[in-house]
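Worksheet: one structure, shown below.
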Amino acid sequence: MQTLEVGILGATGMVGQHFIKFLQGHPWFKLTWLGASDRSAGKVYRDAMTWHLAGGLPDSVADLMVEDSKPGNAPKLLFSAMDAAVATDIERAFAQAGHVVVSNSRNHRMEQDVPLLVPEINPDHLKLVPGQQRARGWKGQIVTNPNCSTIVLTMGLGPLKQFGITRIVTTTMQAISGAGYPGVPSMDIVGNVIPFIGGEEEKMQQETQKILGEFQGDHIEPLAAKVSAHCNRVPVVDGHTVTVSVEFSSKPTESDVRHAFDVFTALPQQRGLPSAPPRPVIYLEEANRPQPRKDADRDRGMAACVGRLRACPVLDYKFVALGHNTVRGAAGAAVLNAELMRSEGMLDR
Amino acid sequence: MQTLEVGILGATGMVGQHFIKFLQGHPWFKLTWLGASDRSAGKVYRDAMTWHLAGGLPDSVADLMVEDSKPGNAPKLLFSAMDAAVATDIERAFAQAGHVVVSNSRNHRMEQDVPLLVPEINPDHLKLVPGQQRARGWKGQIVTNPNCSTIVLTMGLGPLKQFGITRIVTTTMQAISGAGYPGVPSMDIVGNVIPFIGGEEEKMQQETQKILGEFQGDHIEPLAAKVSAHCNRVPVVDGHTVTVSVEFSSKPTESDVRHAFDVFTALPQQRGLPSAPPRPVIYLEEANRPQPRKDADRDRGMAACVGRLRACPVLDYKFVALGHNTVRGAAGAAVLNAELMRSEGMLDR
Amino acid sequence: MQTLEVGILGATGMVGQHFIKFLQGHPWFKLTWLGASDRSAGKVYRDAMTWHLAGGLPDSVADLMVEDSKPGNAPKLLFSAMDAAVATDIERAFAQAGHVVVSNSRNHRMEQDVPLLVPEINPDHLKLVPGQQRARGWKGQIVTNPNCSTIVLTMGLGPLKQFGITRIVTTTMQAISGAGYPGVPSMDIVGNVIPFIGGEEEKMQQETQKILGEFQGDHIEPLAAKVSAHCNRVPVVDGHTVTVSVEFSSKPTESDVRHAFDVFTALPQQRGLPSAPPRPVIYLEEANRPQPRKDADRDRGMAACVGRLRACPVLDYKFVALGHNTVRGAAGAAVLNAELMRSEGMLDR
Amino acid sequence: MQTLEVGILGATGMVGQHFIKFLQGHPWFKLTWLGASDRSAGKVYRDAMTWHLAGGLPDSVADLMVEDSKPGNAPKLLFSAMDAAVATDIERAFAQAGHVVVSNSRNHRMEQDVPLLVPEINPDHLKLVPGQQRARGWKGQIVTNPNCSTIVLTMGLGPLKQFGITRIVTTTMQAISGAGYPGVPSMDIVGNVIPFIGGEEEKMQQETQKILGEFQGDHIEPLAAKVSAHCNRVPVVDGHTVTVSVEFSSKPTESDVRHAFDVFTALPQQRGLPSAPPRPVIYLEEANRPQPRKDADRDRGMAACVGRLRACPVLDYKFVALGHNTVRGAAGAAVLNAELMRSEGMLDR
């Protein structure tokens, strides 16, 4: 398949750096354009930011010039890593100008005509796009991925959607990399737990309902499940761990649930999308897994891991889910979204 | 009040060391006797163990001789910090011989005639003791405190018992000190979460029902609430943090629940027991509290802290609770139990 | 002794909070005045800052009004916890106006006529004060304590000064609390080491020479020892650990050096100053001590610990030293300085 | 080049697991044989151990049968990951039987006729082998790699050997993975520093002199430099950081030293050995690098990083060095040794 040039909006921040790292060596997408704020525009990338990720700044990107975040010479496909404070207007301007904006920012996620996409769970939500373009008069489009903790939860629940999810109680133990840079002060988290992440519980509750919801012509009818999230920050670098208690309308047996995990596969796997993990959800047998430091990196950070399936005395079953928050929960999520869109022909002229 | 000599069974282990530290300067109890396994007996304490706690080994204890764990010259009141592997027989032998065994070990907690005591929650469960003595032919007695994570949960729920608790979903984030020494290998927990602690979920589920249950002459009728626990280890030194979703039969308003936290006080406070915190449960107003490293030590580690009370979309309310696992959850719990028993006259001839 | 009212300049920052915590229950000093920037002045303290320290904000301070950092109604004795960016002018203005400024800020430490005081090491450096007052036309005065890592090093070296120190190579492993709040981003230090702290090595090298130097009428003749420091940040909350290789001109035996540690005592101990630890330097026998989490708190954080004395193949001896950086290395250091000054009659009319 | 079958002695321990991970996909060596203790022999590998490394047990190894650690059907080239308690006799038995034992164990490192090899530093030390075979009557041979902290130090010093190293003072901050599994108890290291690692300082001091020494026909004449090491454990997962002060006889300028780092390359690079990093020592420009979590993984963990070169007030220069302790400092070191040996024709008949 022909290589497509791509750009990043918000390239100098932490999420932007994750996009740069994840796109290294991508077989379909070649990173040629970096957008950032006025402060950075006009500098070469290596001078425009401090690189925070392990392994060093890739040479191929170090000398790219940083551009203003304005449509113009940017490639058609843009990944947005912008701060919520500025993403709304800039993403819309690019979509208006004909760009395909595949965004990790939260700004458009809950808008009625914008897909909140997890390719293994709700690929059909891309059907919102034509209506979005009509209603907004855009040649381009905006497609979003969920919040990092929501992705982990929905990946874990995806195989179980068939059983009719009615209630979910979840507690997260989220990695510090989810808060960006400088993010969480070390005095707040070394040897500590912070039982609060601003806005996170609301995002998990709403986004989960939308992702597991049904496409209804011009909007997504959210899943009518009740969702309760307790969000916590823990001193882990990468990988969000979530505990899940879940209730089903169809009352599956434990082995039905386990089987659902074991056989789960989806469109990205069937189409062999480059960033799709061989198995989107891996059930780990060991009693004490998944664990973020040991399991978040599996399949380049794109697989979610689950484990500890057992009966829940209050709802029906409980289990643990884990995913890499900056890969599967951010940069990798958006790239996989773009791969799905390309495989649907949505990135062609 | 006259000072009472006390001893510790299992004095060389981590929990034993916590007892030694907590009893320093105690106004009622003077530590004069240390029991341990054959391997340690006959040595002075400083040579019988490696001291693991911050602040150094108290001088007053360093030169005490370690004794065999056999009744004989031990004082009447004994705190048990023994491993579960050996506690059953030894605790019974001491109770048989007329000792009051106030135990932190799990072995007798769920026995029908043994109080599982949290002085602020179920002081009346001490009424089991006469029946215990009759049935077992003991002059002495065994009284236990709950598992460290159970105490945190039940302290948080104690003020709310009045509303008729019917369902609880809880997730713990437990400190490494709860696993003793050497305990959790650092390779398993530095920068990591372990979503499993053997036997812990079952303990939390059962012990909570017993503690919140009702004394019925010769046994405790457990609370008929359903309890589901998800137990996790996190890289925190001291302090177990738990998230709680709870359902009530009486459907209190949020301000009813908040008021119940604010006004909660109990027998240990009314009697001014030496280790009783001024307020057993402290509601913290800040959005991101309680936190283990900042709040576990309040009131010498004897107060539980709660916070973040809010509506739960699945059950009725949710909140966060925190307690110091080796103080309120172990050594301090047992000492407060003994103080309550003394104030009831149970330690007199 | 009559209680003296004291104030804090820079009361809302982290160091200011450490002063507040350390002064709780002080037998000589009663905290009655809090100064801060315009932004905070006019608010009660609890509304003027976010409290970051473990254990909660002391009630006695919570409702004090924060004042402008201008002389006027402030008490004579002021502890300065101000940022270096503003400390120079404000400290001078207060000294000019007759206040005794006992400062933890770095601004005046290396000025020729300002004592850089460690009461156990160089109490005679207070003799600089009369000259300072004459030269600057001040009724008040400024006295400083060293950088937190310098204090640990000099406390460890103090007992050995008698042997004629000629060369020192030291590596620090410094706690995150030394960087204040928000201080070090967690993404930079969780599971990591940062082998650089801006300006720290220069401070350690110069301050050590001044502290170990000799009073010469109107200045301190710095110790002619060569000092080389390697400063590192490690994921420890409180307590700076330093490795030290040291060369002596008098070539003491190892047992001479050990004996010097064992018998070391100084003026603060002889005078029984309230914050003086019973022994300023504690030699720990265990092969793997001192350790910050286990030893930094000894004697309320005011004792330095040393250990692992052994021959150095390059210089003469090597050992490990440890001290609590925010107590002995900051707030407690300044309070002990003020206690020494009071015992010298320098705080009287 | 033809693929060579290889085995691992001590395959079930942590170091053995690192060998398995590092050898995955190796272009020259195919892992076909796993040796372990009697307890494990006869089981398939997945049942014989608990896998502790991130990323999961490679499928290609999971079903290999574990063999007794006795010569017989083992391949000629064996990597030894055995505990020091058993390595001496077993390694000798295999060497006697004609095997090439490339060992990470410490047992034979300091023997006069055994190369202690760092391929970039002292490849000519392999010339010891013929004498070793003659003297011991072996058809096989034993070649060792240094201790993990020694490798980091010597990689940093290798480019500077030309200047005549005369004195070294070094302090290590070592990762927990260096202690194996279960290794360091979390209660000893979370939020803490342990300023002692048994035997480590002696190893660093002696091994460094041997590695930097000269081949003299039948032995290595150790470098006559004085070396002083202070070894510490810090809460880092992977990557040993060392501070180094060094004195040279030839008194190079700072730019001479910097140039030496920048141009350093060696035999493994010239021969393109598969595990050789492009540049063995990478000088990082940023003021606060290298850092273990961000830099230890560079070039698959095989490159050492240095930084912060500056004048030392006591010796001549000081700098920071870093390397991945389980890769460059253990499994990768041994594999690179074997690659060098193969390129020398030492693995052929």
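Order of writing sets the labels: A, B, C and D. Residues in every chain begin at 1.
In this text, a contact is a pair of C-beta atoms (placed from the backbone, for glycine too) under 8 Å apart; a residue touches a chain by one contact, two chains touch by 3 or more.
Bear in mind the structure is a predicted one, so any value in this text is a computation, not a measurement.
Colleague: Counting only C-alpha atoms to place each centre, which chain is farthest from subunit B?
Modeller: Measuring from the centre of subunit B, the most distant chain centre belongs to D.
Colleague: For the pairs A-B and A-C, output the one whose chains share more C-beta pairs in contact.
Modeller: Counting C-beta pairs in contact, A-B comes out ahead.
Colleague: In whole angstrom, what separates the CA-based centres of subunit A and subunit B?
Modeller: The separation of the two C-alpha centroids amounts to 42 Å.
Colleague: How far is the middle of subunit A from the middle of subunit C, if each middle is the mean of its Cα atoms, in Å?
Modeller: Computed value for the inter-centroid distance: 48 Å.
Colleague: Mark out which residues of subunit C touch at least two other chains, giving numbers and ranges.
Modeller: Residue numbers touching two or more other chains: 52, 188, 190-191, 235-237, 293-294.
Colleague: In the complex, go through subunit D and note every residue touching subunit B.
Modeller: 14, 52, 176-177, 181-191, 235-237
Colleague: In the complex of these two chains, what residues of subunit D are touching subunit A?
Modeller: For subunit D paired with subunit A, touching residues are 52-56, 190-191, 237, 293-295, 297-298.
Colleague: Touching subunit A in the complex: which residues of subunit B?
Modeller: 167-169, 171, 173, 188, 190-196, 198, 205, 226-228, 230, 232, 234-237, 241, 243, 245, 287-294, 307-308, 312-315, 318, 320
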